[in-house]
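So, here come the structures, one by one.
Here chain A shows up in two complexes: once beside chain B, once beside chain C.
Moving on, here comes the complex of A and B:
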């Protein structure tokens, strides 16, 4: 399999009044084509920031200070960092799209579902829409059903296709008889949106399309968000804890939906979660993050059967199991303003060596496809 | 084991008002006819999806909400409970029953009598960031119940506060701090200390671990277990995370749309769930084991609105094993032996 996305030594810092928050510290991650990669970790360990960095949408006062994010584009590899904003706009939502944690927050309360999903199409699929409209008009002319303004309408669609900012369109859009082309586009859009909502297994999409976000239940709102993300058939889908606020039964529905859609659309998925159960069900590979860096990457079977990094071990042990004592990792997640020197886990690690407090471990491959960042396995014991 | 709390036909309806005169136009039946028995010293788990009335039930039992019907007996002698049950079934209007209820029924207590009872029961809320006053020092937050209940003041109160904080794993130095200076797990510890400082017998834990991380969650659960052993507490553990409830509870009740649909001992319920809803709910837990492939029932749709619950069995529109009777008749909780109760027409 080819690598679709490659993150190399990504460093992200937030400059706040309290000090510099070292949110991401040399994150290394690769995502292969067609796979589902789980990104696991506790709150504040930088999972979401990694996701936002991929879209180059880091909120201020955050600054990406180093590293590369390569995305495969045909034969070339393209570094997303350092690209201009208009280019990034084309990528976002089209090639890479994202599902957020709280669907209610990310839906605009004053627009209907139709408006919000069509926005994605208008941004990225305007050409296809215009061509569809032209085809429809041609069909009407052929069958003789077309009105007297059909030719004009067609020319407007062509204009929109070739030069969307032309003054002619501006004028025509304001005159009731002449802005017919707009209504035709809306009709086509509606059909497309209903179709995609149907794919999201929403019951009665014709009705849901005209609803406002407050009328939707949590599960439905999440499906609408998924629909929006998949509208343009992206190559990479980033799902940032999409089921954390949902009930278990609804969570299962959404997970199944994501699984079937993945087969259908063939997207790669970066699935961010803190629930190891969800990882076991959905992902092929897992990356474990702690305090701003990825500490272990391996296949899902490998991680659960043979976790190597002390943090991964602790994380797996802290899953409650009936009849056993609750185990937990001692201490708390360190503040990222003054992170521990050396390995960031060393002050909570039961196996910490002297070297751990001094130097940062490097990412090494201990077994095939099993990467780990820990001094216990690098051999520099002194 | 003795019974600590027994509810009978407990109801809590919220009025939906509308129009200019704010008249009642509908009712949300958040808790509808719930009868449960919590034994002394046990941890009683309550699970269900959001909006099914778990929290309302917890709050109603400790009388933070006034029930619209039914009775709650707190720490009444067992002979009396038997007598009450007999009277309620045979002669619901008798004088003796009224007398007994006046003496023991928490649902009709008022004023100082209720305040006196509140000392015995406390609650820990879901999110400590909102349940702790951001402008109160830890010592004031934790010490307030002592003052309200007129248990201790001044130096004595402070001594008790420090003692309690140490018990929940905080230090004496931290009493002069504000909640924002603590991490999520520590905040929840403060909330626990506040609940336990008056030495209650019964504590409602309303999703106490849902706002903290996995590694901290285990620490908190250990704390709850330790405190229960040390102080002889009885818990009502409300959660939507079924795997935690499995680990901490002795008995579990499954709630759906304001009704208890099944309850049994924990091992019994998790090994052998009978109600179709309980089966689906348990099957929906993601298991952290990638080798496991399961056949499971996936529920379609979502929880219906409790304003207009479906007729008959409330679960019938989503039930995979629905029958004709389910649409008409509401099933009652039936004892299938071995302390396993199910409300379903299949049994």
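Moving on, here comes the complex of A and C:
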């Protein structure tokens, strides 16, 4: 399998009044084509920031200070961090798209479901839409059903196809009769959106399409968000805790939906969560993050059976199990303004060596496809 | 058959709009106060539309100029010929009040639209882009804010020339006169925008950090599109409501300016001017202090009810136009 996405030594810093927050410290990740990678870690360890970095949408005062994010584009590898804004806009939503945590707040309250999903479609699939409209008009002309303005409509669609920002169209769209082409496009768009919603297993999509976000239930809103993300068949889907705020049954439905859609569209998924159960259910590989860096990556069975990094061990032990006493990792998550020197986990680590406080460990491959960032395995014990 | 199917399509396409309109009307109906407000405004709108019927202008005269029977200084009380009587210099009060309705609507709408346009532009740019642009624009707004509105409006009025040259090239001169009422409009616009700017900037700062804006960016929208399609529709309601409440208040300010002698040219149908003309007659004489009551009371009632109507309706607008509390 080819690598679809490769993150190399990503460094992200936030310049706040209180000091520099070192949110991401040399994150390394690879995502293969067609796989589902789980990204787990505690709250505030930089999972969401990694996701936003991939879209190059880090909120200010954040700044990406180093590293590369490569994405496979045909034969080439492109570094997203060096690209200009217009190019990135073409990528966002089309090739890489994102499902967010809180479905309700990520939907714009003043637009209907139709408007929200067509927004994505209009951004990236305008050409296909025009071609469909032209085809429809041609069919009408052939069967003799066309109105008197069919030829004119066709020429408008063609103009839109060739020159989407033409000022002539801007004016025509506001004049009745002349803007018929726009209505046809809207009709086709509506059909497309209903089709997408049907794929999301939404009951009665014809009705849902005209609803506003506040009329949707949580599960329904999350399906709409998933629909928005998948409207353009992205190659990479980033799911940022999509089921955290849903109750368990709806959660399962959404997970099943994501799994079937993945089979259908063949996208790779970066699944961000702190729920180990979901990871076991859905992912092929797991990356564990702690305080701004990835400390262990391995296959999902490997992680559960043979966790090597002390943090991963602690994390797995702190999953509550019936009949056992609660266990948690000693100490607290460090502040990222003055992070611990060396390995960021050393002051909570039961196996810490002297070297751990001094130098940062490097990512090494201890077994096949099992990467780890820990001095216990690198052999630099000085 | 073709036509009827198109009609069906049209019916389906307007259905949601009609439904919302019905809902809005129902909401207005529910509160008696806003029904009164609406009734007052409907009355004034009808009066403005029917002005040529209610008070037919003289042939070949500017319909906005009040007819003047003679130059006698003293007002005359209501009579069958002049049902509201005449004011100073024998201007017909009924005619002035009826045609003044048009002037009032014109002042209210144009000043509000102008103020909104400037306020929206500056507020959006300042709020959305932030940083040094925000700082500069908001400090400028503060400076305008620091002056008392009416005084600043007077200063602007004085500063606007009567004639301006739009285009000049060699001997070709293209100049235009600015009517003194338009000068008042411009002056009021230049004074009224800062409050809109403040509110819209605050709203944009709030909306900018909402998660759906991030989602819109993640979908690939450009900055301009995010601002126009996602930020503004979510932040515009407070100032739309503010503006609808302001229409009444602006008519009041224009009347106040008129009273101070800054307004339309003499004889122009304008309620403010009618009030200004009554200045000498508020107190009649020792024996009969209210001898000239009609001169100030009638235009006063017109202004009072007009502003009251907007204020009553504005309250209802606040509940109805805001989509988040609309259905509660």
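Here is the rule we go by: the second predicted complex is superposed on the first by the 382 of 382 C-alpha atoms of A that agree within 3 Å, B and C clash if a C-alpha of one lies under 4 Å from a C-alpha of the other, contacts with A are read in each partner's own complex, and residues count from 1 in each chain.
Convention: a residue touches a chain if its C-beta (ideal position, glycine included) is under 8 Å from a C-beta of that chain, and two chains touch if they have at least 3 such contacts.
Just so it is clear, the model here is predicted, and its values are computed rather than measured.
S.K.: Are chain B and chain C a fit on chain A, or do they clash, once the structures share the same frame?
M.R.: Superposition result for chain B and chain C: fit.
S.K.: Could you say whether A:67 touches chain B, chain C, both of them, or neither, answering first, second, both or neither?
M.R.: neither
S.K.: Looking at the overlay, does A:38 come into contact with chain B only (first), chain C only (second), both, or neither?
M.R.: Touch status of A:38: no partner.
S.K.: Return first, second, both or neither, reflecting whether A:124 touches chain B, chain C, both chains, or no partner chain.
M.R.: second
S.K.: Taking the superposition on A as described, I'd like to know which of chain B and chain C A:314 touches: first, second, both or neither.
M.R.: first
S.K.: With the two structures laid over each other on chain A, which partner does A:219 touch: chain B (first), chain C (second), both, or neither?
M.R.: first
S.K.: Could you look at A:98 and tell me whether it touches chain B, chain C, both or neither (first, second, both, neither)?
M.R.: A:98 contacts chain C only, not chain B.
S.K.: So, does A:228 touch the first partner chain B, the second partner chain C, both, or neither?
M.R.: Once the two structures are laid over each other on A, A:228 reaches chain C alone.
S.K.: Quick one: classify A:275 as touching chain B (first), chain C (second), both or neither.
M.R.: In the superposition, A:275 contacts chain B only.
S.K.: Give the label of whichever partner, chain B or chain C, reaches more residues of chain A.
M.R.: After superposition, B is the partner touching more of chain A.
S.K.: Once you lay one complex on the other using chain A, what is the shortest C-alpha distance from chain B to chain C, in Å?
M.R.: In this superposition, no C-alpha atom of chain B lies closer than 7 Å to one of chain C.
S.K.: Tell me, which parts of chain A touch chain B in their complex?
M.R.: These residues of chain A touch chain B: 42-43, 203, 217-220, 247-253, 255-256, 274-281, 300-301, 304, 314-316, 318-322, 324-329, 332-333.
S.K.: Which chain C residues qualify as touching chain A in the complex?
M.R.: 2, 13, 16, 210-212, 214-222, 229-230, 233-234, 323-324
S.K.: Under the stated contact criterion, what part of chain B meets chain A in this complex?
M.R.: 49-50, 183-185, 213-219, 221-222, 225, 240, 242-244, 246-248, 266-267, 270, 280-281, 283-292, 296, 298-303
S.K.: Provide the residue numbers of chain A that touch chain C in the complex, in ascending order.
M.R.: On the chain A side, the touching residues are 55, 57, 59, 85-86, 89-94, 97-98, 100, 102, 105-111, 119-120, 123-124, 147, 183, 210, 212, 214, 225, 228.
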